[in-house]
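For clarity, chains are labelled A, B, C and D in written order, and residue numbers in each chain start from 1.
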Amino acid sequence: MAKPLLAIEELSAGYGDVRVLWGIELAVEAGEIACIVGPNGAGKTTLLRTVSGLVAATAGRITFDGEPLAGASADEIIARGIAHVPEGRRLFRGLSVRDNLLLGAYLRRDAVQTRRDLDYVLSLFPILRERTRQDATTLSGGEQQMCAIGRGIMSRPKLLMIDELSLGLAPRLVERLSEALIEINRGGIAILLVEQDVLTAFELARHAFVVETGRVTTRGTTAALAQDPAIRQAYLGM
Amino acid sequence: MAYLQILVNGLVLGALYACLAVGFSLVWGVLNVINMLHGSLIILGGYLTFFSWHSYGINPLVALPAVALLLYAIGYLIQLAIINPIVTQPVLTTLTLTFGLDLILYNFMTVYYTATPRRVTLDLGIVDLGGIVMPVDRLLAMGLALLLTGLLYIVMRGSRIGWAIVAVRMDRDAAALMGIRVERIYAITFGIGALMAGAAGAVFAMVYPITTNLTGTFLGKAFVVCVIGGLGSVPGALAGGLVLGIVESLAGQLVGPQHALTVGFVLMLALLVVRPTGLTGVRGYE
Amino acid sequence: MTMPILELAGVGKTFGGVQALRQVGFALREGQIVALIGPNGAGKTTLVNVVTGAQRASQGRIVFRGTDVTAQRPFQAARAGLARTFQIVQPFPRMSVIENVMAGALFAGAHARVADARSAARDELEFTGLAALAQRPASALTLAGRKRLELAKSLAMRPRLLMLDEVNAGFNSGEIDGALALIRRIAARGITILIIEHVMKVIFSLAERVLVLHHGELIADGNPAEIAGHPRVIEAYLGEKFARRVRELQANG
Amino acid sequence: MTARSWHYFLFGAWVLALASTPLWGGNYVIRLAITIAMYSALTLSWNFIGGFTGYPSFATAAFVGLGSYAGALTQNAGAPMLVAWLIATIFAGAFAAALGGIILRLKGHYFAIGSIGVVEVARLVTASWGSLTGGGDGLNVAFLPGGPDVVARTFLAAMIAIMVAAFAVTVAVDRTRFGFALRCIQQNEDAADMVGVNTTRCKIAAFVLSALFCGTVGAAYASWTGYIDPNESFSLLMTIKVPVMCLLGGAGTVLGPPVGAAAFTLLEEFFWANFLDYNRAILGAVIVILIFFLPGGLLNIPRAWSRIAGRRRSRKAPA
């Protein structure tokens, strides 16, 4: 079996004296879509923040593309190919859509290719093309999420992590974003999705990890988990 | 005609105020740190310019860029080594820390330079434009101040560093997720703040006698300009500086020069009261 | 019919040009458990803010126990018997758990002396199952613990009406059952409850009446069965699939 | 003995030590004791707004300066000294009440700037209102009759009395509902509002408390030195020194302010005596060191120490 793109082993992390993650084990294979589901406050966001270097791990290992990520700073991690679309989009207020997208390519020096990628993002989300000069934070929620995802892929990642894709969005828009994610994934980018809406997440992803109170409590293919009575009861409301 | 003269005086003064405050405003807006060192950094820039002119005969226009770069290096190092570790702490801590640093710098300046007022005298004469009289060195200083402020604006808008500074100011975490090294940007920003202070000091030394007794006054001006114009914004600092310059110039005429300073502070307090959260019409590029 | 404990008439709230609440009107009877649902951004939290004075209504009138409270400030609301919990919990981080609860008893409850407040706080910690953690700093609690702390603090305020803003968000199913039991016991003390929820299990097993907000407007008001069949609610919030599930669930008892 | 009564006991012993200086020390020592008592009173005052309530006030010098001028002018108008001090106290408190309603709406940096601005405006107005205040030339106050020894003892007693009064109020605030409310505001003002704390009123009350004894100190200082001028009375250095002293001892505690004031004054005196040229720089270095190595103040050293020791122990323990 091929080595996974991202492998997390026995990872613990937290803020100050408060420990949030307790021995997380998780793996994402190259080119797949995986998802993390679980209740609010379970540590999903902290997990992503630890992977992207915003929170320091207190124990455990993260391996990306065969190399350990231990001690890498946030900018090194992005350069290695992990992009993180944060919860709540976090677009830069006062900057246009275009500038927000270009900030995603902050570490890149290849101007020509960057333009081409910008064009790719705009063709992926045609609505953004009409708004390139508009202040990004005046976009609607769905358009902001598009801009944030676009900003993420502007760094040319091998792995795109998205925190709360559907948060506060109308189902219609979530469907549109899902299509775009499949399109992005088809281009070879692996995706790790954190999602409250388990139905959406399971439709997109092949593997799922259930995180509860800082631990991975269940894992498996989404097809299998969707049949699991405990998961159905707790997360699918059936 | 008298009022036109007052207006012109105010504009000259205002351009200088904008230049001296813009670095302070940038540091406050981006780092959320009130830099009590700013006044002393201005004086340091002025002294270095004065002594390179007085002792070595170096033209202040030549000395200015060198002084500015030196101050940049000092600012960069201070931020990296001393302020960064506590930059996220409450205002009382950061303000007190920079005040402590200011005491150190101030003390060394008074020991080495003494508090004697010193000024570069260029003797460029006086122009008379249809009744409005203005010494040429002042016009030169105004031009330099506007040029420096304009250059900073171009850097903020058009450069990668400028973008990164704006991004960090808007959202520190999101900026880190773009690969921006936040601590380095903080150090660069503080360096730019010191650079602008040093340059402003050099400009001031060409038109006013510089003394360490002025550090508090300059710091006070920077406060007032920031509150009027908003934080972290180049056009805001320019607007704030010009408004303060004109108000002081007018107040000097109407209620007497000894009250000009008071009027500026009263204006600041009044603005704070009217807009308790400050006048931050935060926009990315400004 | 008795006088309603809380009555809103034509309440609106605008932020800049955005209408967050529009002509919202309803009345709560004493002792009811009422759920307030709606998509994110529908104005649920704004509604609670307006009722507790954290924000001022732009239009309309709010009457609490016969008194017009439209213009009151939050501390006045707290003293009048209007308590709330926050979606994002708001403890006093460097105080102990019991001191947090004492704050509720001291300033809005009936206890002017610190010692009395301490014993009242102890009772509420007992009630919410936090007694063992009384001396811990509030910042060291888990999320579930902090939500319980919010409840204990609110209860120490001796409220007549308690508004729970997503008090179950972040709980796993076991914890939700515990929280449900706790809310029932609070209601049994005679406290009227307005609960903002996403977890349908909570709403349909607890609430006798459901209000639905959408784009700041009250689009439905009725018992859970009516809501599950309400065409606008299905369209705006529940979705066809979900509504069918709820109806099946209710048909099966 | 509980920690609290232990603190009261220590303070009592300290008061006796200061009060006994005329018995064993010379003029220099008495003068130092007066200065320590004076700064302790100021630091205890600042602690109400800056420590308990968490508002970074830099208005201390404004209250002291206004107290000085109010006291001096009243005394020069013929009022007895103690009456003048009382009037100065009330004046400073009333000024804080009026000002607080306005600037306590500001938060964080803006409040800090606003309060510094108040000191500057007060100084500038005093300096330019020559007809009343003597302007930049300053103001003379009649000396207390009866030789330097009597004067020194009188003002030592007066400053200690003000310090003890400020301490007593601190203890009262610390133990009551009001102090609890201030701590709630300090930790989370919105949450305090939501549990029923009238935050506006509490903040103004804390601000007034932070001004009252500053007014008394200012007036007593004016009577002691016999001369005041705007630059010294409304000194920016003092307005920052007082919070630094409080941080040095431990803000928001009962004993921290007097500990910080004493430690700082003694350090400063030592530097003045030994490194005259560099006393300010050393002061600055002390501030920098304080912030990096003593974030909780001197009173926090035992706790910080046990924490470090505990961490070492847990590190050694097998994971």
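In the analysis below, a residue touches a chain if its C-beta (ideal position, glycine included) is under 8 Å from a C-beta of that chain, and two chains touch if they have at least 3 such contacts.
In this text the structure is predicted, and so the values were computed from the model without any measurement.
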item: If a chain touches chain B and chain D alike, it appears here; value: none
item: Reference chain C; chain at largest CA-centroid distance; value: B
item: Interface with the most contact pairs, given as the two chains involved; value: B-D
item: Where chain A and chain D are represented by their mean Cα positions, the distance between them in whole Å; value: 52
item: Distance from the mean Cα position of chain D to that of chain C, given in whole angstrom; value: 44
item: Computed distance of Cα centres, chain C from chain A, in Å; value: 32
item: Touching two or more other chains - residues of chain A; value: none
item: Chain D, residues touching no fewer than two other chains; value: none
item: Contacts with 2+ other chains: residues of chain C; value: none
item: Arrangement of touching chains [line / ring / star / complete / other]; value: ring
item: Contact pairs between chains, per stated definition; value: A-B, A-C, B-D, C-D
item: Sites on chain D touched by chain C in the complex; value: 175-177, 180-181, 183-184, 187-188, 190-199
item: Chain A - residues contacting chain B, complex; value: 52-54, 73-75, 78-79, 83-84, 86, 90-95, 99, 102-104, 106-107, 135, 151, 155
item: Residues of chain C defined as touching chain A within the complex; value: 39-41, 139-140, 142-143, 169-173, 200-201, 239, 242, 245
item: Residues of chain A that touch chain C when the two form their complex; value: 16-18, 38-42, 141, 167-168, 170-171, 212-213, 233-234, 237-238
item: Touch list for chain B against partner chain D, complex; value: 28, 32, 34, 82, 85-86, 90-93, 95-97, 99-108, 111, 216, 220, 223, 227, 258-259, 261-262, 265-266, 268-269, 272-273, 276-278
